[in-house]
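Here chain A shows up in two complexes: once beside chain B, once beside chain C.
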Partner chain A sequence: MALAKLKSDTTEARLAGVTLPTGAAWANAARADAMARVREMGLPTKRDEYWKYTDPTTLTDAAAGKAALFHNDEAALFDAVDRVRVVFVDGVFDAEASDDLAAEGLEIERLADAMAADIHWAKDIYGVLEARGQKPVPRTLAALNTAMATDGVVIRATAKAAKPVNLIYLHRDETSDAVLHNLVKVEAGAEVTLLETGPAAARFSKLLEVDVADGGTFHHVRAQGRDHERRAVTHCFARIAAESTFKSFTLTFNGVLTRNECVLEIIGDDATAHVAGICVGDGKDFHHDDTVFITHDAVNCESRQVFKKVLRNGATGVFQGKILVKEGAQKTDGYQISQSLLLDDDSQFLAKPELEIYADDVACSHGSTSGAIDETALFYLRSRGVSHDDARNLLTLSFLAEALEEIADESLAEDLRDRLEGWLARHR
Partner chain B sequence: MLEIKGLEVKLEEEDKQILKGVDLKIEPGMVHAIMGPNGSGKSTLSYVLSGRDGYEVTGGSATLEGNDLLDMEPEERAALGLFLAFQYPVEIPGVGNMTFLRTAVNAQRKARGEEELSAADFLKEVRAKAKSLKIDADMLKRPVNVGFSGGEKKRNEILQMAMLEPKMCILDETDSGLDVDAMKLVSEGVNALRSEGRSFLVITHYQRLLDHIKPDIVHIMADGRIVKSGGPELALEVENNGYADILAEVA
Partner chain C sequence: MAALDDVEVKEGVDQETVDAVKELSGAYKYGWETDIEMEYAPKGVNPDIVRLISSKNKEPQWMTDWRLSAFERWEKIEEPTWAMVEYPDIDFQDIYYYARPKSMEEKPKSLDDVDPKLLATYEKLGIPLKEQMILAGVEGAEDAPAEGRKVAVDAVFDSVSVGTTFQKELEKAGVIFCSISEAIEKHPELVKKYLGTVVPPSDNFYATLNSAVFSDGSFVYIPPGVRCPMELSTYFRINAENTGQFERTLIIADKGSYVSYLEGCTAPKRDTAQLHAAVVEIIIEEDAEVKYSTVQNWYPGDENGNGGIYNFVTKRADCRGDRSKVMWTQVETGSAVTWKYPSCILRGDDSQGEFYSIAIANNMQQADTGTKMVHLGKNTKSRIVSKGISAGKAQNTYRGLVSMHPKAKSSRNYTQCDSLLIGDKCGAHTVPYIEVKNNSSRVEHEATTSKVDDDQLFYCRSRGMDEEEAVALVVNGFCKDVLQALPMEFAMEAQALVAISLEGSVG
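Right, the complex of A and B next:
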């Protein structure tokens, strides 16, 4: 079957029975535009170049697969952090379980409320950043999210936020198919930290659009899933203005399929954009894909991509990362590293690092490695009395250290480190 | 303390016999030295005793205080009190020296059913011992051996030994790479640990180290065997005449 036909069949099968939510006129227009993008670009198939390493079928199927509910006795992540908790159960906002949507320096609203307002700042961001990120590579699942999403949260930081906002995604229904769309607008000089935790649903499509104005700071730390069967596609589209800072970190534990796309556009001088991730996967059902695209369109900006994966028992990790330096984006400092630690011969890491540079005064570097535990180091540790498993875990954590260091807040990093240690202790 | 009988070892991957029947008995409190030409199997002996992969024992035995070493995991041997100061200490990026030392000390204590050392006690002890080996605070903070000079790595090995207080210490060419002053420091560190219940096996090419750490018995190893044993004067003979005479004599 020709690819075009396959794509349009996949798309129409998915869209059959989908009705778009309604709200204010601008919101309806944004959704209709997004739907037009979906039809024009077509949903991905495993024959698309951008999906060469990850089969999107279960993400594009009309119905979501089943995912067993997962219980664990660990305290919720970031429990000790003073934060505004915004709870979604299977993709639906739960007011009872959530805190008051208020904190100094922040305006927080439900997406549905914002989309119903005739005049709202969300109009300039909702689907707008997503649409900007559709070139040069289509990200049709993101456009589908923009068209379909009914729930989510919109956050505006007007000053340095008094506390972080924690979006907590609970999963209670084995076949839930959740679509969430969140917006964050960081006004000039303002600062906010967004935390995201939890598996969310059996199938999860989540999109985050972040607009950071001059001198703004956005920190993002999320932990996805844990020994969970969910399938997820997430997108983050960010527009990063002058002298601002954007830092995003994602920890992914076991799951079935996760594709995290991060599309950053640096439009102002002297800005910083970091995106980092750790994934730890066990078993041949585990498939994790980090796809990153960073565009430098300003002078003297720094970007970093630090991705580390620990894979065992036949798990698969994917990294597709690109740095695009546009003409005139001089003094760009771009760094990209993607590494995997393969704990056995059955696991695999597929990487496609790319640089595309149209300016002459830039310093960009990228590297990708895939290796096993260093046997000599392992023996050295064991000869000092450290048990085989402890030695392996110590070496594994040291392999992950560079990525964890990307989290600015030490106590958040410590929380995630504890979780990693727990994972390593369980997966011996 | 350590008793090795007819130990024969070949490489796992190749059909190459390296140790061809090593006999060695070290009593508690004694310091033995092994000298011998390059490639004679000295490091191999130390690795096999401490449990490194890649070797196959084809004959003989090795026991530490009556416990069969060869069947144990490396960490079990360490917990029993065996320690090897490596000829080439290993760099471990990302693992802090301090974390490493503390993990090792506590792992051994735990294996022996002892209580873990508190953070404060541990710190106090490390600082004191590091100071006597002129290892500064910065080196303690850095990742294990990463960016350490050759001599610093060797001093770090001795610090680990001092912290772990093993019963049977094997030092593989700890003197190589040390300047004259460091050699003294390291020797003092070793001598401070000498006691009735602790034995040493010092592998070296040079008499110089044995001037500081006075051995009770010196062995000459050649082609996978101990071909001659004697008192400290044997080391002097090697220093003066090389191995030719000794090897000719035993051939």
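Right, the complex of A and C next:
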């Protein structure tokens, strides 16, 4: 009990003097509710089982740590794709740099505008999906985001969107502390692709709530960080209805600390939910954490989790994945794989792949492996005249292939593959 | 067994499996009680009770002090809540911590002096304490020598050890097998050297409580180079009501020695739950090997979840020497609530740890069990095979840790956990922790049934079997191997499990 008291004291101390942003009545209520959740659950500490492998201290500290700006002359990712660009600089919307917020089949608005409107569909999603995802483990940083966020976008797909929406997060201030909250509502039968790119800020808290109606399709492809010192905690809360499809892929390059949480709730029959991720990390101060929680609460649904990590020079990769199959969620097909490739002896992989199953007619499986590059395969390639480094990179890419295949759009996958090759070539 | 009779079994789970589970978790055969005059320490636990237990066992001062410091620590720590089990709060002051048959006041000199009622109790349980051969000819005994096999038994009744058989014969080989209270008295140097070195008194809530109040248990010492001439066994019986059983087992396998140790347990049917918090410590030196097998059949409670044993046990083996080896095999069918993780510390280079478990939970039973494999030495190997079966409204959780430390170069782990649900009101859960801190080690964790050996599968398929049959045969064959690794005496009980196929199972 002493621990609980300590936690509540620390939380109160951190929240002292914090004032909530204001907007329409419903928005104020949603923020106040979220702040109440933060106080009730308390901010996370290293002692929480849920944060066993990742120290949240730098995420909960009052001020953000410094992150040097990173410059390179590479072309922006997905530059060849016809898309609606929505640009944020250190977490603030930049209208000048952004495209016209319009495309056929889409309604795009700034979060601030939506939160100021007395009547808005966002009321039924903002903080609602996040609150649903707070059990059985508290995700306090998500509630804090809901309480404090003022910027972001709200997107409603009413039909098959003419082009994807690309949220571009630029970083220009070495100590920026950005909070963004995005909403996506996919109406019945509609379809949209959301792209997210860029390092965003020195410290970045980002939350995405996605509501996919019956027969809707949501694709999400994200590339985070890039030889960068930023710290990030991101959450994705999705509610997935009957016969709909949700697919999310994340590629993470270097970054000091990244915690990506993905909380999916499948509520309609015959739905599909896939989450995949690749992280490549180099260096002792690289720490990457994928935490996934998928709840099956409907019949005949499929979920897949595919996570691959390449770690070197003392990098740390964490995977916590859980499939919960509720009573009555029969014919569930749940698959989960988490694998790491340790390129040297100092790197580490920490995993907790969990299953919690209350239905008997299901096929759920999980696998997790960790090890070095296969010496036999390496030898084979060398004997065919491939240089050691090339052979290693080739084998690394083939190790990552299963995760890249989770991206439905091949041109997007190709772009990310190029970036991966570039990273491997630079980090020999 | 109402819960299982009207359950609709899903397609793919064969009736044999259901029957086998029924048979095993059906009417509890050991639910009777021995009417015997008992002597109790007052209810509750406090330093005086700790001193009383210590004095009843005629312990030296260092032992009493050891217990008291453990008690002091216990008072400051909280009961763990992380396991996926739910039970009403335990009132630790409403339990008898010491109960022994009146007739045991003076330790019997030999088994001939033991109260016949006690001997009859073990006779009824099928554990004859009279030194006798176990007849060959029982199923699974083919590999036993023609004249029969001997098993030395230490029988623990509530808080005290009733007697140990074959002590003389074991002595000839240099093996010490006795109750721990006797060991503290006769071999204090060994006890002092090893007790609490694997499971320190500060280890966890129940181990700390056990360190303060353990009343008896078994002690085994196998001298260097000795292959223990017979299997050793401890049989635990809880008889008295409202009594907790806290036994402590200490096994030391010195350099190059070998021992196979069996453990069995039962308790009467009662409406109120009873606590069993044991500690088992195993120390394995260079080139030594220990096999530890358990058939745990404590009273599981009735189908509404009344009564039963809370089995909160800490078991750990420390492979200290190079090339040492430990094998845990457990068949868990009893107990209302199980909280048990037999673990291996693989400290010596090239040491090996194995964990084979079959856990069956039926009706309102809850089991949270698994293992920890902590790889510290180079070239260490571990293997985990866990089969969990849930029926009725039971919850069955596998919880395990595989940890490869930075110095455990070129180590290897293979883990396979399979779960099977019978009926749609039960739950099966898997909570593995995998921590890999060097890259020359390989860790594989699987929780699928399809991953049986492809070559074997192919062979079966090429002989005309369909996939299901082939998988069943391969997996059954594998299961059989594990069960046959159990010593004969347990194999009888465990063989009923062989019928269980893994069709329709989930990870």
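Operating definition for what follows: the second predicted complex is superposed on the first by the 422 of 428 C-alpha atoms of A that agree within 3 Å, B and C clash if a C-alpha of one lies under 4 Å from a C-alpha of the other, contacts with A are read in each partner's own complex, and residues count from 1 in each chain.
The criterion applied here is as follows: a contact is a pair of C-beta atoms (placed from the backbone, for glycine too) under 8 Å apart; a residue touches a chain by one contact, two chains touch by 3 or more.
From a predicted model like this one, the values you see are computed outputs, not experimental measurements.
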Touching partner for A:K331 - first (chain B), second (chain C), both, neither: neither
A:T376 touches, of chain B and chain C: first, second, both or neither? first
Touching partner for A:A351 - first (chain B), second (chain C), both, neither: second
Touched partner set for A:G385, first chain B, second chain C, both or neither: first
Winner by number of chain A residues touched, once chain B and chain C are compared: C
First (chain B), second (chain C), both or neither touched by A:R132: neither
Touching partner for A:L395 - first (chain B), second (chain C), both, neither: first
Sites on chain A touched by chain C in the complex: 49, 327-328, 330, 340, 342-372
Residue ranges of chain C in contact with chain A within the complex: 10-11, 82, 406, 409, 419, 421-448, 450, 504, 506-507
Of chain B, residues touching chain A in the complex: 50-53, 73-75, 77-79, 83-84, 86, 89-95, 99-100, 103-104, 107-108, 111, 143, 160, 164
Residue ranges of chain A touching chain B (in the complex, touch as defined): 374-377, 379-388, 390-391, 394-395, 397-399, 401-402
